[in-house]
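Working notes, beginning with the structure itself.
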Amino acid sequence: MNPAEELKQALPGSVMSTGMQVDKPLAVIKKEELLAAAAKVKEMGFDHLSVITGIDYTDRFEVIYNLFSYKKKENLVLKVILDHNNPEVDSLTSLWKGANWLERETYDLVGIKFAGHPNLVRILLPEGWNGHPLRKDYDMDTEQFVTIGEDGEDIVSTDGSNLLRRK
Amino acid sequence: METEELLINMGPVHPSTHGVLRFKLRMDGEIIKECTIVLGYLHRGTEKLAEMKTYLQFIPYTDRLDYVSAMPSNYAYVKAVEELADIEVPLRAEYIRVLVMELNRIVNHLVAIGSLLMDLGASTMMMWGFREREKALQLFEMLCGARMTFSYMRIGGVREDLPDGFIPKLKEFIEDMEKRIADYEQLINNNEIFLMRMKGIATISAEEAINYGMTGPTLRGSGVNYDIRRLEPYSIYPDLDFKVCVRSEGDSYARYIVRIDEMRESLHILRQLIDNMPESSIIATQKYGIIPMTGAPYTAQTYFPRIFTPPAGEVYSRIEAPKGELGFYIVSDGTTKPYRIKIRSPSFCNLAAIPQLVRGLKIPDLIAAFGSIDVVLGDVDR
Amino acid sequence: MDPVTIDTTKISTIKKKPQTALEKLEDTGLIHTVLSAKDRKGLILLTTVDQIFNWARLSSLWPVTSGLACCAIEMMGVAMAHHDIARFGMEIFRASPRQADLMFVAGTVTKRMAPRVKQLYEMMPEPKWVISVGSCSNTGGPYHESYSVLKGVDLIIPVDVYIPGCPPRPEAWLYGVIQLREKIKNEGYGAKWGINK
Amino acid sequence: MWTGDTMTNAYELIVNILTAIGVYDQIYNLFEIFGMAYVLKILIVSVLIAVLFAFVLVTVMFLTWMERKVVALVQVRYGPMVTGPRGLLQPVMDGIKLIGKEDIIPAKADRWIFTLAPFIVFVPALLIFIPIPFGNSLIISDLRVGLLYIIAISAVSPIAVLLAGWASNNKYSLLGAMRAVAQDISYTIPLALAAIAVVIFTGSLSTVDIVNAQGDYWFGIIPKWFIFLQPIGFVLFLIASIAELGRIPFDFQESESELVAGFFTEYSGMKFAMFFLAEYAHLFAVSGIVVTLFLGGWNGPVIPFIPVQITSLVYFLIKTYAVIFFTMWLRDTVPRMRIDQLLNIGWKIMVPLALLNLLVAGFLVTAGVI
Amino acid sequence: MAWMSKNWTMTGIIMGLVVTLKHVLHIGDRPTVTVQYPYERMKLAPRFRGRHAVDEDACIGCGICEVNCPNSTIRIVKYKGRWFPELNLGMCMFCGLCVDACPMNAIKMTQDYELADYTRESVVYGPDRLLFKRGEKW
């Protein structure tokens, strides 16, 4: 029996469906139950949180957690489906410290909020950047510039006159 | 005694941040009380660009993720697409792929060790490391015409076959490398100052390392016997004989020694590959290839799938890159361009543990710890 | 398959090693300035100073240590044993911009990095030069469509020499350095300060 | 005869040479007419000092070239090649370029101290050469407290370093300066203690006396250098002087990968050049002192028909360059230490060992063994 | 007091000094490896990907290279009444996809890497600098 089925048996209320993602077992979790399911999964021995991926499907968001177990040498994929208007899901930082940066990155680039995250700020782009680039509706035409403020922090604006060289 | 805290800003342009990374340090004298890492000074938006490129056009971009070891990045991407489209790769192509990846692993570790020692103040090691790197790069140049950004892998195979005279030169390189590794070890391994700087510094336990999602030599330095080449074998690794190098101490020195040992193992793998190199085509033709022009030789150029459309679906595929677990999460919607590509880069996840590693240490220790983690900023910021 | 043979020997003409004393002097960069100073308009008083200072400047270009991306690794390659930029007296990579004369913009200049690069340039004392290395800093290169990359470093700071390549191989890099040396030879003493152009 | 042993310094040597040629009396009388004989002495000494400083500056320039060449040799490359034959003109070019650079004083820096600090570093670096015997009678002034003078003068540079670090108003500079001062202070003690052990044998602080004490041979072959009497003292002195110089493995004041450029991060142009020159002048001076104290100074086999002044100068320079080469060779081999480890070693190992060494030396001399 | 238990005989450092001295004296196959560039050159591999060259007779100006270029380096422009590619080498990433894509095998990559120039415009290589005739020595 693969781990996704196992998880469904243990928590029948929170697993919506199971399946396979190429060769990896996949379980779709209800978004309210993610933290409980993840705790259960960690208990099952999946100690390595490999990656968190956020995907914008224009009508919905999906967050995918790829897990691996060092003990059992098994893979497991967890998937949460989020509403497009207000994408928010529980943070897994309490279980995996490594989730901290991965969630921040997902927040930064895709714009998914993680409830309970200790420090949910942008990580790759400067604070104040307009929009989340990996969303399909991101405006690629507006140039945004960064300048340094008094205290050494970044200031984002669409006006690059301080930065650009006068020709 | 009450002392005033000192705020120090290291980077983004600093000699020992291996590129553009910024540490914000809250210091008590010379002791780091808190280290905050600010990323994103090299964020180039590769994942967004991937949505605008065809599957083939994205290959050169994977070179520029981890620019010290581009072949594994190439391969990780190509492997993910092949898994998505279920393409079977000819055996010779797989052998060549593994050969270049292992060669690149040596190059990566040479750069890693060299820049670590450079940060510690011993520039000689870096010079010697780059001397051997140059020889490896000449091999790469013979093979694919570029030194760092190869764009050598193709979906279903590799771009070009091994050129004449490649294998003898490779053999020469392996012979030479054996001697040089001995030189490095004599120079630095037992150096008292080096031991003082590295042993017992920035220790991380196995549980913590796993919890942080650390992978690669960094994790193996903490005593976790984990190598994707062994546990989730891909390509031809199941047929190869190699040892997973593990140290149990979990300090900077252990991570350094793991790298030195891995170079030896890579040489061992290279020897096996040379001995068993099979003869076959170098690119898959069964599904997406086009019919070659009559009389044209059997190369990637003639079998080049200009319009490549994998079936719709999602795949996460990962390999053991020199720095750790490198994964590509690809979502295809059945068009010529990927819908979404997410890159799981080893440097990004390994770097996340630095603030924990260096708390209570000093600035020189931060540099040693950071060097021993081996981070490339192109891989972190993507 | 490949009937066209491209004769590469003609492209890469190998420079002759200097033999006579005059050739050797010219190679170091002095003689050329002596000869060319006559044709140039400028303050006569400064011309002899010109020759000496230009020679000194082109002979000891200290770059600032500022690698940005991929090209930075090749910058290390240039400084290492096989190519050895030290032959031109340039191995002193100063970490502090205050002591540097030359900035290699080696790699992608992102929007977030751009003000820092500009600041670094402004911190360097005059006279100073900039070499833009690689496609990314020349024009934005592979990433010129990206939302977070500046489309060429010359938008923010003046660039003296552009070296194409992604990354350029170390010889191409050294060729760029030689081009810069040629440029400095023909500069006036105060060219960088706006006098004696 | 002007090659006699009666001369103690270079002034007397010059006077003797002039006398031997037969012009000294005329010149002396010329000055005597105006009642200004002392001016002649001042003149000669000034010329001597000018010659010394010129010699030091040329040597320093040569040392920067040598440093780059030695690094290149270890790292299997060539080093400077293009400028001048084998790149010999490279340091000159660097100097001229630095003169022509813009001199930046940061807006928030303390203007006066910022400008003053390089001079305070540079002047003692030259003054330290006054009592160093370059050869038989080739010494500006044989001070009776020569060794004390050297240690005292070299203790001035930490003050200037601290001024430079403070005035720059830069955190890296300040940290670098703090490190430099801590390091200098803690290593001056073992340095002085190791030197005093030598003084116990000679009974004099004069550098000339120290060198003369090493002139003999044991069994006619082994020179009576203090390195053989004081091996521990020699090692301690060498390590402490490398630490005082702030070279790898002890280059915390600069430590490029940690503190950018240490206390001179903010300096540019000629002021930076002064720090640079002072560093190498110090290297030369310290190597000279090591030679004087432990390696027999200018002593060496006498070659007939060549004035002893010349042979002794050659012996001294050969020994000094050997010491310099060793420091450069060491620099290319080892990584940098950590500042707390360095201080630990300084206070917990070097000082006790130096004291023990002193005790043994004192015992040997009192017991009359040597 | 952990540092007290360390090896203070410094054999490690002495070993290091020995191996560096071997390099200084070039003992045992440790030669100086520098290639003095303007006077000597490294041997380039035949596959080296340098500046492009376009076969004047073979090129049909179809624009497949333009389409296949990952970052729009190539533009098709009119030259001598025909259409040829123009390459902005300041933007090119030398990946070789245009060479792979060309249906006529007209576009090649030469071994010329000495491309540094003083202005941004002068690194844009038009057909005048790219074209060569088949059979003609370059």
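Order as written gives the chain letters A, B, C, D and E; numbering starts at 1 within each chain.
By definition in this document, contacts are C-beta pairs under 8 Å (C-beta built on N, C-alpha and C of every residue); 3 or more make two chains touch, one makes a residue touch a chain.
Worth saying up front: this structure is predicted, and the values here are computed from it rather than measured.
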item: Least hop count linking chain C to chain E through chains in contact; value: 1
item: Path length in steps (a step moves to a chain that is touched) from chain B to chain D; value: 1
item: Relative to chain A, chain with the most remote C-alpha centre; value: D
item: Taking each chain's C-alpha mean as its centre, the one farthest from chain E; value: D
item: For chain A paired with chain D, centre-to-centre distance based on mean C-alpha positions, whole Å; value: 62
item: Chain centre separation in whole Å, for chain C relative to chain A (CA means); value: 43
item: Length of the line joining the C-alpha centres of chain A and chain E, rounded to whole Å; value: 39
item: Gap in Å, rounded to a whole number, between the CA centres of chain D and chain C; value: 37
item: Multi-chain contact residues (two or more partners), chain A; value: 125-126, 133, 138
item: In chain D, residues with contacts to at least two other chains; value: 74-78, 81, 256-257, 260, 332-334, 341
item: Chain C: positions in contact with at least two other chains; value: 1, 80-82, 84, 87, 95, 112, 116, 142-143, 145, 147-148, 154, 166, 169
item: Contact pairs between chains, per stated definition; value: A-B, A-C, B-C, B-D, B-E, C-D, C-E, D-E
item: Chain B to chain A touching residues, read off their complex; value: 9, 39-40, 43, 45, 47-48, 83-84, 208, 210-214, 224, 226, 231-232, 313-316, 318, 325, 327, 329, 331, 339-340, 342, 344, 348-349, 351-353, 356, 381-382
item: Footprint of chain C on chain D - complex, ascending; value: 68, 72, 75-85, 87, 89-90, 92-97, 100-104, 256-257, 260-261, 264-269, 272
item: Residue ranges of chain A touching chain B (in the complex, touch as defined); value: 21-24, 47-51, 53, 55-56, 64, 66, 70, 73, 75, 77, 96-102, 105, 109, 122-126, 133-134, 138, 152
item: In the complex, chain E residues that touch chain C; value: 32-42, 44, 53, 55, 70-72, 88-95, 105, 108, 110-120, 123, 132, 134-135, 137-138
item: Chain C contact footprint on chain A (complex, rising order); value: 125-126, 133, 138, 140, 144-148, 154, 163-165
